[in-house]
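So that you can tell them apart, the chains are marked A, B, C, D and E in the order they are listed, and the count of residues begins at 1 in each.
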Amino acid sequence: SSSSKGENTTATGGNGSAATSGSSGGGSSTLTMVVQPSGPLTRNFNPFNPNNAGMIQGTQAFVYEPLVQFNLAKTGQEYPWLAKSYDWSSDGKTLTLHLQSGVTWSDGKPFSASDVAFTFNLLRKFPALNTSGIKAVSATAKDPTTAVLTFDHASFVDFYYIASVGIVPEHIWSGIADPSTFADPNPVGTGPYLLTSFNQQGWEMTKNPHYWQAGKPTISNIRVPIFNSAPSATLALGQGTVDWAGLFVNNIDTVFAAKDKQHNTYWQPGYSTVTIIPNLEQGKPLADVAVRQAVSAALDRTQISKAATQGQAPPAASATGLVLPAQETYLTDATKQYALTPDVAKAKSILDGAGYKMGGDGYYQTPAGGDLAFSLEQPSNYADFMTDAQVASQQLKAAGIKVTVSGVSVQKYTSDITNGTFDAAIHVGVSGTSPYYQYNYWLNSAFSAPAGKPAISNFSRWEDPATDKLLTQYASTNDPKVQATAIDGIAQVMATKLPVIPLLYGAAWAQMNTKKFTGYPTADNPYMLGWPVSPSSEYTVLQLKPAAG
Amino acid sequence: MTSTTSGPGAEPVLRTTSLAKHYTLRGRGRRRTVRAVDDLDLALVPGTVTAVVGESGSGKSTVAKMLVRLVRPSSGRITLDGRDAGRMNLRAYRKDVQMVFQDPFASLNSVHTIGYHLARPLLNFGRARRGADVAGKVRDLLQRVKLDPQFADKLPHELSGGQRQRAAIARALASEPRVLLADEPISMLDVSIRLGILNLLGELRDTDGLAILYVTHDIASARYFADRTVVMYAGKVVESGTALEVTDQPAHPYTQLLISAAPDPQRIEIVDVSRASSGAASAPTDGCRFRDRCPFAMDVCRQQPPDVAVTPSHTAACWLRVDESQRPASGREAA
Amino acid sequence: MKFLLRRLGFTLITAWAAISINFFLPRLMPGDPVQLMVARLQQQGAVSPNAMQAMQVAFGLDDHTSLIVQYFQYWGQLFRGDLGRSITFYPSSVSEVIGQALPWTLVLVGVSTVISFLLGTVLGAFIGWRRGSWAETILPLSTFLSSVPYFWMGLIVISLFGAKLGWFPLSGGFDQGIDPSWSSDFVSNALYHAVLPAITIVLSSVASWILGMRNMMVTVMDEDYVLVAQAKGLSRLRVLSAYAARNAVLPSIAGFALSISFVVSGSLLVEIVFSYPGIGYSLYQAVNNEDFPLMQGIFLIITFAVLLANLVADVAYVLLDPRTRQDA
Amino acid sequence: MAETSDRPATDAVDDVLAGDRVGGPVPGAAADPLVSEPADPGRPRRRRRTMSGKFVAGLVILGLFVLMAAIGPLVAPYDPSNLGPDVLAPPSWQHWLGTTGTGQDVLSQLLVGARQTLIIGVLAGLIATAISTIIGVTGGFVGGIADDLLSLLSNVFLVVPALPLLIVLTGYLPNGGPVAVAAVISLTGWAWGSRVLRAQTLSIRRRDYIEAARVAGEPGWRIIVFEILPHVRAILASSFLFTVLFAILTQVGLAFLGLVDVSQWSWGVMLYWAQSADALNAGAWWWFVPPGLAVALIGTGLALLNFGVDEFINPRLRSNSLRGRAARDSAGGFTPVVRTDPQPSEVQR
Amino acid sequence: MTISAGSIPVTTRPRAGDPVLEVRGLSASYGLGPDAVRAVVDVDLTLRRGEILGIAGESGSGKSTLAYAITRLLRPPGVITAGEVVFRPADRPGGGMDLLSAGPAELRAIRWSEIAVVFQSAMHALNPVLTVERQLLDVLAAHRRSMSRQARQARVREMVEMVGISPSRLKSYPHELSGGMRQRVMIAMGLILEPQIVLMDEPTTALDVVTQRQILQQILELRERLGFSVVFITHDLSLLIEIADTIAIMYAGRLVERAPSAFLFHAPRHPYTRGLLASFPSLHGDREKLVGIPGSPVDLRHVPSGCAFRTRCPHEMPRCATDRPPLALPVGDPPSADREVACWLHDGRQPPPPSLARPAPAARPEYATAGTSTIRDTRAEQERS
């Protein structure tokens, strides 16, 4: 009966959409967007399922909206969304959300705080749904526009995850016996779009007539085509049949920009840090901080960035791992000095100082004997990482460090870094509203594990009480000043001890064809990252306007 | 069962007792047993050639293959010098009993030289030591079959059919066997080559005292060359005796048919065999197997006829040869 | 009959062995599905380290029953006809995922394989028949085409006929705007999309059929019964069809049955290159995500397809070649 | 293209391809086709035989590639991994085949990659052929339950899907060097050859010369090695060539999917890089086309060689030298009349 | 006590017919150019209506090639390089048709309906995957278009019954029949259209003598009834002497002797023929050691100059090495003997050796030959001389 309910509701939505514009699409009011070549998907829009089609192709928030939207392009900037505002109790254990009024579900039912409370209670009740790891103790609706979440520990830092959760309608989801196996084929949300059709080649959405933001959306249809491989998606992009994409496009200037100089644009700022993760376990070559410093000093990141991505993934600019310029505000006088400039001589002098002797073969010898050598691992089918590694290995050779580039299957790579069976690996960081999230991901000893046991995220296995303390300090306060000090402390640890070695910035891939729609974020107007990833894609799509003429 | 007792003075080297081979055929669900050879008693005597003649499919090749132990008998015994062959080490047995295969084109491996073919059994049976010894022995063998020693280096395809046949015989002689089984060794060849082979085998018998089993369709050649002839019909021996006796005074109706059907330029009239129509495939499996085609068939032929001595050296398995008074009353007559 | 029973018995043992391998093989791969999924999600931004646990729970991977127990449970499931839930497409069931992908593959690869087989066999028969004629120039050409890596040809074909000339769509199985149905619109659209991939498959597989048939033809043409047929003054067509090609095609039929397995598993590269929705790509996804249930499901299909095809080939052989009915 | 057979076709030929057939060779047609062209270089008195044009063409093509593999790395103008300043440059005098997206020299990659490609191909061919020979020939010769089990094994390997097997195995092999890749490919590629060889052995094992070898006291292993193997060597050769082709194509496919270590240059790896840089789309055909073409050419060379081997197994497969009407007649079952002798005197009617 | 009842009346054979097939200067080879195997060289032959023409000779001497060349059924690489094969159908008196210049359609029309071929091994001559009936019906379908289905089926039944096979076996596949039965099916097939010429290439080699004789008997009976001509190829000279009217002996691709069979048997003129005759043992008389022909067969690619047989010939003369003897009436034989030999011993320049100069047995009445002569005792004489 739960599913029939769902169907009924969408039927209503469908009717509504038919009134506004034909679902056959193709017209100028249809935006075609692609996040990634995913291969055929199943009609699964359950927002708590990390593999749901909406999540994979960036349309999830078009239906299930978050409480707050965060601008990862400009740290600290956030936009109230379903929640007009929010307050934290000082101990960080109580979060009060003040919700928008006048919001309705796409089936016409009113949205209220109890839906929010229901959603968070649902995550508590069904751990399988809690894929963002939120640890709320209880969630209640104080009044129709106020919801209160309580936690058993200070949860300031979890707000990023909490506020990003898509809110689902209680009146539908409460009738679903096992929401963890619910495919939610006809999603009903508060968002600006309704699903109209779905097949192996993709899906289409049309504008939600009941949408709560007045005058929005301006684009009446969304089309999401499915591609199996990046080249076929890129081809379509080049042909102008895709308006907005989040692909990594090699030679983007020839393949994309040059095809329509007037309309084909891209803005792909960094949002996270790609690093070389050293295995810090005793006995591994990179356990010696001097070696890590030498490696970092010897790398010419600009060359790497050029070779692997034609500069599209910008070179990391600071040894602190801060994503610049997005996190520029966190740079202090103490950490500004850690800019990354290639300096082979410095690398050599570090090694000389640490007791390594240059051998006859042009490589340093370890005190224990043998070349100073390590293998650098990444999946073979990540072409950009492979290039990174190859160029890095050439550069490190000049510094007397022998690097074997090891391309392996994704499976082996994942298993190796998780279990600590590697020397060094190239790895991408995570995004967040502040540097804390990456630092926490990289350095929290709680996420580490002894060799041979799977670590959760601290793959270099950095176990440093001082760092942990700083992380806790950040997490247990809402005071930006205290937080900034904590970040600065960690940044210094990063820059000097190099528990991970920053390499490049992970770019938020975004290509836009402005022939039909304009208003995408740009370097000049970085109101959001440009990529069509949910939930920020929703914010962006609502800013778009039909192109003049 | 005294059908093939040895000639005076000589003890048979190889002997079979009630040897039989039954094949089971599977097809279209039902099973059928082919009695390829039944109840065979045979004795091969040194210095004699025993010819086996008979219709196609009467089991001649099967006999030869059983004797060289390529085919396992269904029942019966083979003895070599009185020892049970089945218990003997295969290699030791084959040292004494060798076979020449029917088809000289198929029985030599085309990738090996004649010398290799001859050297292998020499080494396998310990008749020569590696090195110069083998080469010398190979030369001897070639000379015995009247081939030039240079043939040792030739490949089979460089030889004519007759030469191949000689090489095959030389190979069989390599182990210095006492028994040679020759399965239709001449059927593929033209008449003049045939003759060369037969003469060669005859010489081997005379000089080496070989016991030879000569399987053939060609009755005239059996008469020309064999000492004894055994006639088989549908897996059974129907007549045996000296070669001349069997061909000149055939005692069994089948032998008579066979001989009258053999091509003979000196024949006065063409023989009519149209009555003897049906093939061996449908021969009865009990009693006299020839009775359906026999112009003299009687009721008693439903029972297995005894081997009757026509002369001391000549027997035939036919009720006609049994005095009427001594024939058992047939079932129908009794009824 | 006995022959068939025996065949059936061996088929069953083979199936058992293959299914067991299919069960253990994926689990021997390094890594586990949740790690892979987290790694994948992480590339798109927000993922909390705490999410691991939830995902373990979500995909039922937190339960630590021993492999052997799982193995027997798997058999239990199989006998109930339950293939489990895919991880990649969670919560869809494996049978749903397969059911969605398989028809496309069956149609595209199946039809092109059949076309390739028919075309190759007819061409091969003709070339074998007309030895020494101009027709033989097809041989080196088709051999060249068949030595070309699949995906390479596919990509070139796309960039030529799709991107450059715009004659055919660049990718996909049909236009997204049309929903799959049996309407003529949809079918013609789907056919239009299938042209390039089908041509690629046919071009790169036709050579082996041509060659096999041609060689058999040449061999059979040398059989006495063909000579007799010619001596009998039968018409050319009759000799070709009832005597030469009729007998020459037998080995090709066995080969054709085996190529059915290719229909399911060999289509991967084509499906990747042409973004065609099919089972090959699903398998690729399953492997990449270590989606054990989906992998097992697809393997099962492949295994059954191959075994069935083999069995059918055997039976077809028995029907077409009376000689095999006797012994074997 | 002088295709004249210098020896008659015999039944033995048939047996090789069409399974066992009753009846011996035609008298007078004495030569066994498997021998008249001795494949052993050491064998005396090699018979002259006009090699088929296809065979020669295949040999030439492969010879060129083998040469390339042998001296490629020595003559390569650049280090194939070296990043140059000219990015995605079309063919020029500096870079005959242009450069890649990172400014590497395509020609150098092609030259250097030949070695890895060929080594993997040949190695995989050898390993797979060895396995299939051991399993197929032994099974066929021994018969009985051992045969049943061995054919079961090869059937299972035919059924087990290759892709995951490859991934599992590459996951286990350290760093996926050429030997490892070859081993993995051969493990998935031996089963077919084994079936063919088994069928062939089955048809041979009851031949007279095998029985004769038994009678001559040869032990089983000697019969397999010295009596049977020489007779399947043409099939072995053909299965070897086929496996090499299969291995090269598989290798290229694996590389394309990024399943091998793409830091070691091979043609597949070139294609991988070209593809991940979307070279075709960027108009850099000089990057994408050469490696594929090289693979196709090598495949063609192998296939042509295979034709040669096939024709050698079965002389009938040679295309005949007749042309025009004569060829048509001959195909229709009418012996062509090609008058080379002067016309005899007119017959009175 | 012997079973030999019921002989065939041999006296009622057709009268010496006019030629139905004339072969003139026929040459055929395998391949072209210097490497070609010249398997048939310059053969002249005449086949008369109702005649049984036997061809014998060494293995590989070109007998089969000759037969197939006549019907243009020679396989690639076989080609016909010279000559004429004139077929003179009974219903077209006077007119002849050169098979070598005939087109496919013409050939197809006369194949089987006028000239049928019974192939060496019935084992392979029947398509293993079609029933025997289909293969018989095929012939009728191709050549008797006007016949109704029923009529065709009836004809097929009639024919298989005639060769002694129960029509119930018609639905069988070839492998389900015994060798002898298959051979008979082939014969039935060969005769189903009542052709004028039947070419038989070693049709009975693999069979035992009884079966062989049964088949031959049927052929002879049918010939009596239908009056067709037979070309019969075999190694079995003794058989040929028994059934053939005329025998041609081939050596190294050429005819070396052709004579009525009684003449050939009793008074061979060519040393090779004599060698053959001396090589098969007799079923009668004392056992005597026979010696075959010394030496080994020639390689058709390197045929010796002059007379190809000279290297094995006991009577070799210098001129044998240089000049090839033509096929001609031996000097000393009357033209009525209708025989030819290719040997310099018979060119009249020197008396032939006694063994090759024996007088012919008797004046020969038409084609009645071996069967009617009383020759039982001549064999011994022949050997002694």
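Just so it is clear, a contact is a pair of C-beta atoms (placed from the backbone, for glycine too) under 8 Å apart; a residue touches a chain by one contact, two chains touch by 3 or more.
As the structure is a prediction and not an experimental result, all values here were calculated from the model.
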Least hop count linking chain A to chain D through chains in contact: 1
Each chain counted as touching chain A and chain C at once: D
Longest centre-to-centre distance from chain A, chain (CA-based): E
Gap in Å, rounded to a whole number, between the CA centres of chain D and chain B: 47
Euclidean distance of C-alpha centroids - chain A vs chain B, Å: 89
Centre-of-Cα separation between chain D and chain C, whole angstrom: 23
Multi-chain contact residues (two or more partners), chain B: 160-161, 189-190
Where chain A touches two or more other chains, by residue: 231, 235, 238, 409, 411-412
Touching two or more other chains - residue numbers and ranges from chain C: 29-30, 131, 155, 159, 163, 222-223, 227, 229-231, 236, 272, 284, 326
Chain E to chain B touching residues, read off their complex: 1-8, 10, 57-59, 164, 178-181, 205-214, 217-218, 220, 235-239, 241-243, 265, 275-276, 279-284, 287, 289-293, 296-297, 370-371, 374-376, 378-379
Contact footprint of chain E on chain C as seen in their complex: 131, 222-225, 227-236, 238, 242-243, 246-247, 250, 320-323, 326
Residue numbers on chain C that touch chain A, as the complex places them: 29-32, 35-37, 39, 41-55, 57-58, 85-92, 96-97, 100-101, 104, 155, 158-159, 162-163, 170-177, 179-180, 271-277, 281-282, 284-285, 288, 290
Chain C-facing residues of chain A, complex: 24-26, 35-37, 39-42, 44, 46, 49-51, 72, 127-135, 158, 160-161, 164, 180-183, 197, 199-202, 204, 223, 225-229, 231-233, 235-236, 238-239, 271-272, 409-416, 418, 428, 430-432, 440-441, 444, 447, 454, 456-457, 506, 533
Interface residues, chain D side, partner chain A - complex: 81, 83, 87-88, 101-103, 167, 170-171, 175-176, 257-263, 272-273, 275-278, 280-283
